[in-house]
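Take a look at these structures.
First subunit A sits with subunit B, and in the next complex the same chain sits with subunit C.
So, the complex of A and B:
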């Protein structure tokens, strides 16, 4: 099944298994079933708890917060991740504040799902990966969809805990098939799964064991898929070996698998589709310089998109967003 | 409601109403309690005993007392930066609130929340304008889904009508017929800005545009407000969708601590019709003096207890 259907199936399971689960979002009801069809069929099966809303992101987040305070498990869909800005106040000053500022007397476990990312020609306001603005918001977990993580496992974790989560779903993952590790392999790559207590698994992919790799590539979401293709090709064609490290949770980070890989390879490249600077990769570079100072052969290389608007034109968009070519060039530099 | 209180609220009949007391006495006592609590806070601030800031509701006590007396177990109040009166009318927990504002561990939120961020069973407040309205609507939706007949109340002010999320929420609450009561206390001033410079058009029409029934009253009379609030709470509880209780009132004190540039004459006129004056006339002088004394003594004990807390 493609990821969009796997995710829809996950949400159906959540609604079926837990009467506290409520889905809110724009155009999520049948027959339309959401802009990316993730929720198709769900409003028919659960008409009370799957509600299409007006174009009101602030109220979608705010009503979700109230539901969560009252013991429900709201899952809010943001049609385009670009519109997350319209719920920033709710996320920063309400949803993530309540538990801590009320000294633990309330919890606000809102799950926000957002369709992010470019390469679709949707232009400057429908293509962004704005999650970096949410990284580091205290008491907010930010988790990225990937083809190496079963959304059922990820959502079971969300629903089993009392913390708010932002789940970013890169649009280009929706039509792809999940590639979960089978017998320790993903395709021709060796796959291992590392997980510190309380964290979601980090998947490590490489053609040879990490100790024989020249570089660690840290990536999430769609760029992780791009990076996997580069890693696989360089290994098969040129015997350039890199280990790809793909966390599900990108804030707060489970640094242990990253440090383990980086210590083994001595060189790190980070990849993200968001705009360059003040980013996930910058934070990784900062943490790695503190934790592995003197143990890396070279500075951490941060690969990110150009800090400008994302053009609609296919060629111009490709020139701005991170693609396989930049990832490959960075890996070659870092070996 | 998912809310695990740190400790049961500490209440005192001398502040919240004596058993068997006539309702009129009880309302006077509760308003007097809120008034004197706020005045005590302002004194403690001047003395340097408190940290941060506070927004007193002096002049608006009747709203809190009138609305909360119609709420029941399971109902929920969401309040704003000016939340002390609402909280005290709801819980009677003067010590928990004072300790909170003093930043003490025994405070209702262990000193983390302070004046504007209070949580207790059936009550929450937040200091950002507007955002509490959808939060209250979400609680209303939870009540609707659970079919428990509970009412979600949110207190806002005229200044909050500048925030867009209020209108997003009114729209959705009306579409979904949520059991939500919005109490808008129009105290004529948003911090230092008069309502005339803040608000275009008609205040009530803003709510009516969403098909939400608006009950509009210009009053500081707790008896009048209580009767109206009872009808509004009852209508929401009956499942007839969201409603707005729009109360035109007045804030007699400054916005927060000592920031008042309003015309002195305007304020002086409002002191003549403030809630304690309006309702106090209904009480015998002796009863009024007795209640005042009881409130004073009880509050003095609260202050002494709070001061001694670690």
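So, the complex of A and C:
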């Protein structure tokens, strides 16, 4: 099944298994079933608990916060992650603050799902990966969809805890098939899963064991898929061996698997589709330089998109957003 | 033959479900006749025949199909269709269980005449693997035999041919009671070498065989760095019934009322004070001092200049760096690791590392 259907199936399971779960979002009800068809069929099966809202992300955030405070488990869909900015105040000043302000007597476990990312020719305001602005917001978990993590496991974790979560779903993942590790392999790559207590698993992929790899590549979401293809091709064609490290949760980070990989390879490249500077990769570079000072052969290389507007023209867009070519060049530099 | 493609410019989907075939497999269809319906994430698409012909399905009803691959083929005649279908059925399936190798490894295997299938590796084959397969191990017949040994001396087999072996050989050089007669090492490239006149006779697998043949009396494990490896070889010797011997440098001072186990290597100028109890198979470098009534476990390894006060307890499989001082009554737990320069004023639990901040030099990688 493609990721969009796996995710829809996950949400169906959540609605089925927990009467507190409520889905909200623009145009998520049938027959349209959401812009990316993730919720198709769900409003027919659960008409009371799957509701289309007016076009107001502010309202979606506010209604979700109220529902969560009242004991429901709202899962809000943001049709385009670009409009997460309209939720920013309620996320930063309200939703993430209640639990700590009221010493746990109030909880606000809102789950926000947002379709992010470009490469679709959707232009400057429907193609961005704005999650970096949410990284480091106290008491907010930011989790990225990936083809290496079962969304059922991820949502079971969300619904089992009382913390608010932002789940970013890169649009290009929707039509792809999940590629979960099977017998320790993903395709031709060796796959291992590392997980510190209380964290979601980090998947590590490489053609040969980590100790034989020359560089660690840290990536999440769709760029992780691009990186996996580069890692596999460089290994098979040129015996340039890199280990790809794919966390599900990107803030707060489970650094243990990253440190373990980086210590083994001595060189790190980070990849993200968001705009360059003040980013996930720069935080990773900062942490790794502190934790592994003197143990890396070279500075951490941060690969990110050009810090400018994303063009609608597909050729111009490709020149701005991170693609396989930039990842490959960075891996070659880092070996 | 004409392929039947799903007509779509839906950029959000790469796959769809083949909901229904309206034309049977093998049917003769006209141009623009409705053949099938495919459902994508956006829409249900009708697939029509691009030309007239005889239909060969490439996907079954209800299965997921790629939107970039043909879902069927159209042929001019039924005979052509049947021939194609038969040929496709007869084509051998690509062998997914063949050896996986990098492109470089495949080229190298051709150069060296190595059959990749013969490597039987359950992982990605690299150039290194191909080259290793070519390297012919020295035939067993060419390996040297252990030295005969002088009468009246304990004949020693040394495990490990690296620098630890030279330290043990140096200790035994002045001995009138012990003589090294052979060395074993799992690194086949060392086989046949002489280390200070003592031959490397083969791998550790030989230990049991040589002992049964009466080639030596006791073994000493001359591996200085890794307590885990020391422990592994001690267990190997124990399971083969091979006793371990101590190697004590003549300059070491062993006091009265000391009980030593077996297999301990005690290098030059060490001091083992009165009342000390020491287990088996420790490797203590030069200038180690264990003061009175300290208790020491087994399989430890130390660098030079590790000093304990009295009544210190040291567990097993501990790795000590260089220049370590331990206060009285301190206990160091099993499997701990103690960094150079540490001054232990409190006990260390098992499986803990002691890090030091007494760094007077800073080592950084070279600029490139």
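We take it that the second predicted complex is superposed on the first by the 335 of 335 C-alpha atoms of A that agree within 3 Å, B and C clash if a C-alpha of one lies under 4 Å from a C-alpha of the other, contacts with A are read in each partner's own complex, and residues count from 1 in each chain.
In this text, contacts are C-beta pairs under 8 Å (C-beta built on N, C-alpha and C of every residue); 3 or more make two chains touch, one makes a residue touch a chain.
Note that the structure is a prediction, hence the values are computed from the model and not measured.
Chemist: Per the contact definition in the header, classify A:160: touching subunit B only (first), subunit C only (second), both, or neither.
Modeler: neither
Chemist: According to the stated criteria, A:2 is in contact with first (subunit B), second (subunit C), both, or neither; which is it?
Modeler: So A:2 only meets subunit C here.
Chemist: Using the touch definition from the top, say if A:37 reaches subunit B (first), subunit C (second), both or neither.
Modeler: second
Chemist: Would you sort A:208 into first (subunit B), second (subunit C), both or neither based on which partner it touches?
Modeler: second
Chemist: Decide which partner touches more residues of subunit A, taking subunit B and subunit C as the two options.
Modeler: Looking at subunit B versus subunit C, the one contacting more residues of subunit A is B.
Chemist: Per the contact definition in the header, classify A:58: touching subunit B only (first), subunit C only (second), both, or neither.
Modeler: Touch status of A:58: first partner only.
Chemist: Any idea which subunit C residues touch subunit A in the complex?
Modeler: Those residues of subunit C that touch subunit A are 11-15, 41-42, 64, 100, 102-105, 123-124, 126-127, 362-365, 368.
Chemist: Could you pull out which subunit A residues touch subunit C in their complex?
Modeler: 1-2, 4, 36-37, 40, 120-121, 171, 174-177, 188, 190, 207-208, 235-239, 294, 296-298
Chemist: For the complex, give me every residue of subunit B touching subunit A.
Modeler: That would be residues 1-6, 76, 109-110, 112-113, 117, 119-120, 124, 126, 128, 130-143, 145, 152, 164-165, 168-169, 171-172, 175-176 of subunit B.
Chemist: Applying the document's contact rule, which stretches of subunit A touch subunit B when the two form their complex?
Modeler: 22, 48-49, 51, 53-54, 56, 58-59, 61-72, 74, 89-90, 93-94, 97-98, 100-107
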